[in-house]
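Shared between the two complexes below is subunit A, which pairs with subunit B and subunit C, respectively.
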Partner chain A sequence: MSSLRADDVDVLVSRHQPEQATLKGYVIGFGSSIILTMTAYLLARYGLLDKPIMVALLATLALAQFAVQLIYFLHVGREFSPRLKLMVMLTMMLIVFILVAGSIWIMNSLNGRMMNTKQMVQYMNNQNNL
Partner chain B sequence: MSEISPALRLARTNKLIAKYDKESKTIFGFWVYLMTDCVLFASLFATFAVLRHNTFGGPTAADLFSLPYVLAETLALLTSSFTCGLAVLSAQQRHKNRVVFWFAVTFLLGATFLALEINEFHKFVAMGDSWRRSGFLSSYFTLVGTHGLHITIGLLWMAVMVAFVIKRGITDGTLKRIRMLSLFWHFLDVVWIFIFTIVYLFGVIKV
Partner chain C sequence: MMHVFANFWLGKLNLQALPPNAIQWFGALLMISVPIGLAVFLTVTKRWKWLYKEWLTTQDPKKIGVMYIIVAVAMLLRGAADVALIKTQQSISVGHSMGILSSSHFQQIVTAHGTIMIFFVAMGLMFGLFNLIVPLQIGARDVAFPFLNATSFWLFFSGMVLVNLSLILGDFAATGWLAYPPLSELRYSPTVGVDYWIWSLEIAGVGSLLSGINFLVTILKMRVKGMNLMKMPMFCWSVLGSTLLIAFAFPILTVCLTLLALDRDIGTHFFTAGGGGNMMMYVNLIWAWGHPEVYILVLPAFGVYSEVVATFSRKRLFGYTSMVWAIMAIVLLSFIVWLHHFFTMGAGSDVNAFFGIMTMIIAIPTGVKIFNWLFTMYRGKIRLESPMLWFIGFVVLFTIGGMAGVMMAVPPIDFQLHNSLFLIAHFHMMIVGGVLFADFAAITYWFPKIFGFRLNERLGRIAFWCWLIGFLLSFIPLYILGFMGATRRLDHYAAGLGWQQLFIVSAIGAAVIGIGVGVQILQLVYSYFSRRNNLDLSGDPWDGRSLEWSTPSPVPFYNFAKTPHVTERDAFWVAKRHNLKDTRPYEDIEIPKNTPLAMIIAAGALAFGFAVVWHIWWLAVIGLLTSVVSLIVRSMDEHTERIIKAEEIERLDKLYSGGLSR
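Presenting the complex of A and B:
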């Protein structure tokens, strides 16, 4: 018990404290977010690239800004183990991915199986003849 | 420190750890709520992604949206996220007046964002392009409107928080609530990154 020195106490206590915000973190986060936003904006407004390349570039910029804000504004990954905040977030990202990608996949597949107008009219006429 | 007996020091340390653990637990609970809110936004994003080309002869995204206008909205919200961070920083350093000042700035920027958004909605509806016009517009108004509703609630919370800080000062309790409010506000900024990119930028690019 006598070996519990002031330094040890500080370390021990700091591991239980909620993540502390720093000015440097907010400035880095804000600066890079502005740069990423402006790049995406200028690219969308004046960039004359093919649409798939444009979509890929803009998506990358959005994901980069997402990462920056997670680290510097929401302080994800700055906590001590067990990293429950990070765990919950990763689980939720998986759910979000399944939900969004799954919906788009299913709806596109359904859309591809739909009759076009001509086929539909023909089908309805056949039904009347029965 | 040398005058304090080891037993007393241990007792104090344990008390401090218990206090911090309680605070961290509350904040973690709020974080779990925010993550479930992601599911709400994810469903709305999925709906929008499916319906965005279903314009039913009405205006498309490229016809409706003005990028400079949306950029102004985005910069207002992004800057408000930064000033909200400065408020947390001031709260950590127990500067009561600075906390009130930075939250006031955050509130004004958030209100600017909301006013710009409502004005945009009003313009669309006045032109006859409301949520009743097409599947695309229904999903657009639902997604962006839900985000706007969150912002409105965030602004209300912020107003109450400032009143709280003025009355009680920066205590352990107010600091905890300020941390949760800032998480909520930063989260809304993160959601906006995706609205800005998927709804507006993807909607406007041609070529």
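Presenting the complex of A and C:
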């Protein structure tokens, strides 16, 4: 038992599951992640949609990307279920939630207290007249 | 024509990249002389082959740990040289005198000091200890992924080389150690300084992430039979907490740096002032990594103190379960406090209040740990040897610094103290008093295990007192100066402010610390040459409690001749008390073969980083290809391990247990 080897790790990931990671799975994962990324990029670059629709669409694409990564590359859902994996997964979800929700809260608060351009120009003029 | 040619082959690199003045030439020459000196030494003593076979290609975590610590100590000296310049400048650059450094050079030095001390000293010492101690304490012969471990070390090494290259070619970031935009954007920092900063941290950061994951898996999956999580030594628990934080926090750093690099290199607008960018998002992201980073460093330090206090009080650790919960509470809470680094950026009072309160709450589990250590000492048979002295020094400094931290957790107070020298004094007390003192305690404590002889105790004590007194002399004035309004990264101030005396006291303090460092080097050299007198023949010089002390010193490459038998906490202590003898037969052991590929992958990364800094695109492609191809070659290799027969292990074990000296 000197060290974990690649096949040991596979065992950790999917013990006696016949469904091994296949080339087909990786190709599907790779292809769909590229399509999702390109769609998001093209939408943001050339999309002529309204802002709220665009935001919702991009968020959906991001979530889909997340799912693709988890299913095709991290093989979530196929492992024999140790509690450990579930715990790691939940911790990750919790921390991602904290970071995303926290950042949105903070950035929104900062944004709400920023001057708009007109106020800014006014402010700078006042400063110059001093 | 010539121009196009040079542009292709050399990118932005030209003669102007060489140092502009005498001080910087001196630094550059000093930096070049180290590798040249080493090369000459190795050639003269004919040690190249030895170095390659024994060290550069090794996958033994103990050797990797030693290399981490050597690099970190070298970087500590580099960081200390930076301090000497900073303190000199601040003592004499008053009123009409402008001191010895230009403003921009001073800013570069301060940035380099912060970057190097955190990423290459504190992190390096920490990973060094992980490598040396974690496998031994959990009764394992190796880490979960030995090749990945070697790769992590070499990536760390490459990042270190890149930081130091900036002394010779080009300049370093003059932005402060976290390089906030818009200052760090191309428009305001047009030289390669920020690029050096980005790519050295990017490379070292990936190494840290991989290493973090490696040790997380090692602790979860490689523990010897019988050692469930609640029977692990406390150091391993703290490493578990630290690596969890690494796994979740370091990706944020990587992304953040990548976005900044994209802004600088291909003209995106993530953090620019115009084009829809928002520099406040950078500050938000970098601290979402930065606060956990503090606990990444300090949790293992707490682990070291837990081991030292229990051993030197000859008692089992008080409140083991509460310690575990405290660690886990800190892990979670350290993701919910990051805004306390930018209260003044302008969020609403609701946001500031929330993060202020969360910050105060994190002091509770930390306090629990302090009391647990004190209760461990209570009625123990305390031996005040130098590891214990470092611990006591830590309690004093950490309590003062921690209270200053709780003060700054109150947003209105923080508005007064933000970016002042008060803050500098606070976090140096946490990182030097908390982390560095723990590393010194750990090195003294585990040194005989790794090298087979003890460090000289007397010199260790002198070094400790130099550090403690020097530290207080150096940083108490900074608290006062902070209250008086002195800001951080200050390279010049008016004479009428009356700050000069305090700055001079602080500089004297730094000199006393410098003497302490000198004594430590002397301690190492002296202990080596007088090692016959302090050999550790028993393998258990301190009457230790955990499994590493059950092995002979220095630890043989296979760690344990027979996998240890664990039923309780403090397994070795129990075995000693009951005089348990292991009568099981020896078994074959599998160990990883040496390989240069880890080094080659990191060399590719270094070439890539250097090339992107200077926009030498052909080299970037070659560097990247080198790394990727080496990775593929390694993945195809099926024969990465060799077997050592049971008879050979038996022979070696008899030899080592017989008290083999070097």
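We adopt the following convention: the second predicted complex is superposed on the first by the 80 of 130 C-alpha atoms of A that agree within 3 Å, B and C clash if a C-alpha of one lies under 4 Å from a C-alpha of the other, contacts with A are read in each partner's own complex, and residues count from 1 in each chain.
Basically, contacts are C-beta pairs under 8 Å (C-beta built on N, C-alpha and C of every residue); 3 or more make two chains touch, one makes a residue touch a chain.
These figures come from a predicted structure and were not determined experimentally.
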Touched partner set for A:84, first subunit B, second subunit C, both or neither: both
Partner chain in contact with A:109 - subunit B first, subunit C second, else both or neither: second
Contacts of A:120 with subunit B and subunit C, given as first, second, both or neither: neither
Touched partner set for A:56, first subunit B, second subunit C, both or neither: neither
Greater residue coverage of subunit A in the superposed arrangement, subunit B or subunit C: B
Subunit B versus subunit C as contact partner of A:92, first or second or both or neither: both
Common interface residues of subunit A - those touching subunit B in one complex and subunit C in the other: 1-2, 4, 12, 84, 91-92, 95, 99, 103, 107
Residues of subunit B touching subunit A in the complex: 1, 6-7, 9-10, 13, 16-17, 20-21, 23-24, 27-28, 31-32, 35-36, 38-39, 42-43, 45-47, 49-50, 67, 71, 74-75, 78-79, 81-82, 85-86, 88-89, 92, 176, 179, 183, 186-187, 189-190, 193-194, 196-198, 201-202, 204-207
Residues of subunit C defined as touching subunit A within the complex: 140-146, 217, 220-222, 244, 248, 252, 278, 280-281, 284-285, 288, 335-336, 338-339, 345-348, 350-351, 563, 589-592, 641
Sites on subunit A touched by subunit B in the complex: 1-2, 4, 6, 9, 12-13, 16-18, 20-23, 25-26, 29-30, 33-34, 37, 40-41, 44-45, 47-51, 54-55, 58-59, 61-62, 65-66, 69-70, 73-74, 84-85, 88-89, 91-93, 95-96, 99-100, 103-104, 107
Sites on subunit A touched by subunit C in the complex: 1-4, 12, 84, 91-92, 95, 98-99, 102-103, 105-107, 109-110, 112-114
